[in-house]
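Going by the order they are written in, the chains are A, B, C and D; count residues from 1 in each one.
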Amino acid sequence: MSWNSFGRLLRLTTWGESHGPAIGCVLDGCPPALELSEEHIQRFLDQRRPGTGRNVSPRQEPDRVRIMSGTYEGRTTGTPIGLLIENVDARSKDYAGLPPRVGHADAAYEAKYGLRDPRGGGRASARETAMRVAAGAIARLIIQEVSVAARVMEIGGEPNPERWDRLLDEARANSDSLGAVIECVATGVPAGWGAPIYAKLDADLAAACMGINAVKGIEIGEGFAAGRASGRASRDAMLASGIDGGISTGQPIRVGVAFKPTSSIGIGGRHDPCVGIRGAPVVEAMVALVLADHKLLHRGQCG
Amino acid sequence: MSWNSFGRLLRLTTWGESHGPAIGCVLDGCPPALELSEEHIQRFLDQRRPGTGRNVSPRQEPDRVRIMSGTYEGRTTGTPIGLLIENVDARSKDYAGLPPRVGHADAAYEAKYGLRDPRGGGRASARETAMRVAAGAIARLIIQEVSVAARVMEIGGEPNPERWDRLLDEARANSDSLGAVIECVATGVPAGWGAPIYAKLDADLAAACMGINAVKGIEIGEGFAAGRASGRASRDAMLASGIDGGISTGQPIRVGVAFKPTSSIGIGGRHDPCVGIRGAPVVEAMVALVLADHKLLHRGQCG
Amino acid sequence: MSWNSFGRLLRLTTWGESHGPAIGCVLDGCPPALELSEEHIQRFLDQRRPGTGRNVSPRQEPDRVRIMSGTYEGRTTGTPIGLLIENVDARSKDYAGLPPRVGHADAAYEAKYGLRDPRGGGRASARETAMRVAAGAIARLIIQEVSVAARVMEIGGEPNPERWDRLLDEARANSDSLGAVIECVATGVPAGWGAPIYAKLDADLAAACMGINAVKGIEIGEGFAAGRASGRASRDAMLASGIDGGISTGQPIRVGVAFKPTSSIGIGGRHDPCVGIRGAPVVEAMVALVLADHKLLHRGQCG
Amino acid sequence: MSWNSFGRLLRLTTWGESHGPAIGCVLDGCPPALELSEEHIQRFLDQRRPGTGRNVSPRQEPDRVRIMSGTYEGRTTGTPIGLLIENVDARSKDYAGLPPRVGHADAAYEAKYGLRDPRGGGRASARETAMRVAAGAIARLIIQEVSVAARVMEIGGEPNPERWDRLLDEARANSDSLGAVIECVATGVPAGWGAPIYAKLDADLAAACMGINAVKGIEIGEGFAAGRASGRASRDAMLASGIDGGISTGQPIRVGVAFKPTSSIGIGGRHDPCVGIRGAPVVEAMVALVLADHKLLHRGQCG
């Protein structure tokens, strides 16, 4: 199967390969009358853009987003919002003729479909996450009462940011790569969002973040530490839990996300020594999409 | 919102409160002609049953499952399978008049719905997971090429099983509780199950397990260790990864699940010192449901 | 496939065979705090009950509905509502050993699944519609501003009600059966319910009614007459249209439904000479379910 | 709500307004390895193109479709297929400043969303159906064993094709418009497609066709004639029914569709005297999409 839609009332559908003519998405179910401009979306896209920092892949995509539908005179109309980014810097020659790469989805796609687009990871490329970031920028307009912010907590197991640059330089020099742990906190979520039993807010957040390329672990609130604690010791943490029974409590919601090291060790393509660094805006976007969806769901049943 | 259905082609819908007349479920989309008996389901239910071990809550429910529909002469017919378990030992007096409990969903449900069934956790009770175990037993019939087995890896941070009984005794004596980490491994999954981009096998597994009561963290494969490693160091783990790009590779799939300590510290109800112990059969059931669903999805598009 | 769920935010899942131990359903997504009793549902069930009129099949089912979950002290809690009706008068001997019946789903089920429950039509029996009527009674509580009423317009092509009894007596005497046309009108629907482009209110009503056993045709508003008219001649009808572009306009909504004649000509089972007569409460229920779902959907996005 | 996706395993999502920069769609879930070219899709688009006959609106859109994703070297890859058609001839001046038009969705959209794109019907324009025709062309590749063909049966109530040109000329001269009845027949559908109870093949076909602009009535098989017949009289028709209990029988499947007359009487925009004529390719496309989806669904559960 192929399943390129996400969400229940606010539904994101993405399309496009890394080295095709363009990538795009449709965001359906967005409320009407929200002010929306290409500049607003572009601001968030620029945050994830490769080539804006020393430690990220130097692919020089301008990534100019175009709003193709769903707005009129600068406001959403309630109809589906089509977004499109042309692929202007797709150098597929780096990949031509390469066998399926270890730790990439290449072999898995081939096993599933019997054939694949070999250019730059095709559909499995991290480039698809640009559309998540774009859609997440729109989701933020739906939940203006909420603040969603992610930051890098660890690189290669190192929690001290002062040592990260040196670690990354070493990794690059050695054609090595490093894992990262990202933390995203949502504050301002009112009590009552979320849906028992099979659309719990934490379960939806877990699916949203585990679906990001290279992610291997998810924690909500106390996370694995709680799995290693006693009830007395973690009582304070439980009192401050942002989600109980799958429903928001009004407290801040914490999501921890583990990114594995880049898989593309020593091949000719353009790659980051630590993909997790670029993961933070994507995690934010997915968290914003989940929260916006649940705001609409809650209003539908209980509004 | 309320969202009590799970799955895409194989869809589980559960209903029932802890202290109502019964709990039940509907499993829709099951293939026809599978041999199915109440005894088969009962075997798996008995594994999770409270009161079968020293360290689990002494509620003495027989939990006799009845197949209400969807079979004829011992075989599935392809129509929805209705299951039902009567609640015969629901002593709600333990709970009457109690305020919302810390770390339970009580307050969250009240914030969401404005009212709640206060008896024994109502819909949020772990009793609902009996229907997941029952449905998981049927899912196993769909994926007979796969073996799914979960076991406790840590209790209260202690990885040595020989010390667990003493830890649990101490916790019980102190009205304390302990977290646990469960590991579930699925072997025999052929390459090609899973669905990019928003129904990735790992994302669906994460949602399935994060939706289990008291779960706070999920790992797939190398998990958080990968977030703290370098690419060279984790290269072997990546070669053996059970899921790439959201699609199974044919290698064993590992899911790690962190259960927080029981929340009901020192109240009158019947509770386990470590709910994680009873979590293992539920994790197995959810993993089996996800895999069976993806087998059908894969056959639908690529069969 | 098997697909026994209906609706988007208000979701009905039904289960059960005509001659199994019981039939049941789960209604998920119902708003909290609505007053709901078994008596309320029973009133609507009694309207569709066989054996209450001269011209309907004499099966003497009491059809006592039980609320199994989702309410507390007489009010909905927002959690899934489980309903159950035991099958107390299932005489399957009438059907034993019979080959697949012409005009029934018997052969189609056998072609699809390779086997079937042969007792009384199994899952395809009209008995399943009892759960739709029960769920429709709950849906009405969600849309108390709306009145939904269906009535028989034609029997065997005869629009004059005074002649229906004689037609039915003749059909019964001749072991013949008659088609019927039902009209359902919903008044009080505010402007704005419905969802372009693929959940249009009229499209959802069409699916809901076409899914009722024996239904072969659906009209919305002017219906087939509009297909045979000119724009000038039907201008007044268009001005009064209850649905434009898939969205309610505030005018009454008219649904016309054609039921084919009973298929069971001259066999030993218990059958009505005109199943369409019993169809009216089922049409009402499906219309109420669709409208309630769209009220919640509209509130979710635009509330 | 806004709901711009259609289908269960084969899912079409469309976007775009009549007078925006482009319209487009995503077709997700298509099996891999099917030969697919822009020319194949273009052939079907050209059939519905306005301006190709005397009796259809003279808007001269080339409607050149581009495949944006989902294929590699001329074959589908199993990933989402993005299609795009630029709007090159959108003269919105015809519509500027006009109040909501009678019989159009204008007022309904305004009631729902509080604002709307007033240019040429915006999202509600029949132009959106171009994407259905394009997607339907791909669906046909999935069901190559099936032939789907629609034709006009009546115009303005007149069944004799020889009189249609004169009727249309008169309507145009009088600024009037005419309804039409279309019939679509699918042959070659094997027995067993369809899904009881709430995804019956006939119910899905009804929703698919009722969702086409201007459609007001749907018949399956014998249709309203069955509602006016006796069982004996219609016995032969029942024996040849293409769908029983929501499941295909192997016989041809007939769908009748009633289109109301064009609403835009005497306004300045470019309109057809009989929109039903252009409806035939859209009906074919929707029928093909439903059948392809059910082929995949059937293979998923019963394959």
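Note that contacts are C-beta pairs under 8 Å (C-beta built on N, C-alpha and C of every residue); 3 or more make two chains touch, one makes a residue touch a chain.
A quick note: this is a predicted structure, and the numbers were derived from the prediction, not measured.
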| item | value |
| --- | --- |
| Interface composition of copies chain B and chain D: same or different, split at half | same |
| Result of counting contacting C-beta pairs for A-B and B-C, higher pair | A-B |
| Distance from the mean Cα position of chain D to that of chain B, given in whole angstrom | 43 |
| Gap in Å, rounded to a whole number, between the CA centres of chain C and chain B | 36 |
| Mean-CA-position distance for chain B and chain A (Å) | 26 |
| Residues within chain B bordering two or more other chains | 1-5, 9, 14, 29-30, 32, 78-79, 109, 112-114, 123, 196, 297, 300-302 |
| List of chain A residues in touch with chain B within their complex | 1-6, 8, 12, 14, 102-109, 111-114, 123-124, 128, 154, 156-157, 171, 174, 176-181, 191-200, 202-211, 213, 216-224, 226-232, 234-235, 238-239, 241, 243-250, 256-263, 265, 276, 294, 297-298, 300-302 |
| Residues of chain A that touch chain D when the two form their complex | 1-5, 9, 11, 13-17, 20-24, 26, 28-30, 32-33, 66, 68-70, 72, 75, 77-82, 109, 112-118, 122-123 |
| List of chain C residues in touch with chain A within their complex | 9, 29-32, 78-79, 196, 296-297, 299-303 |
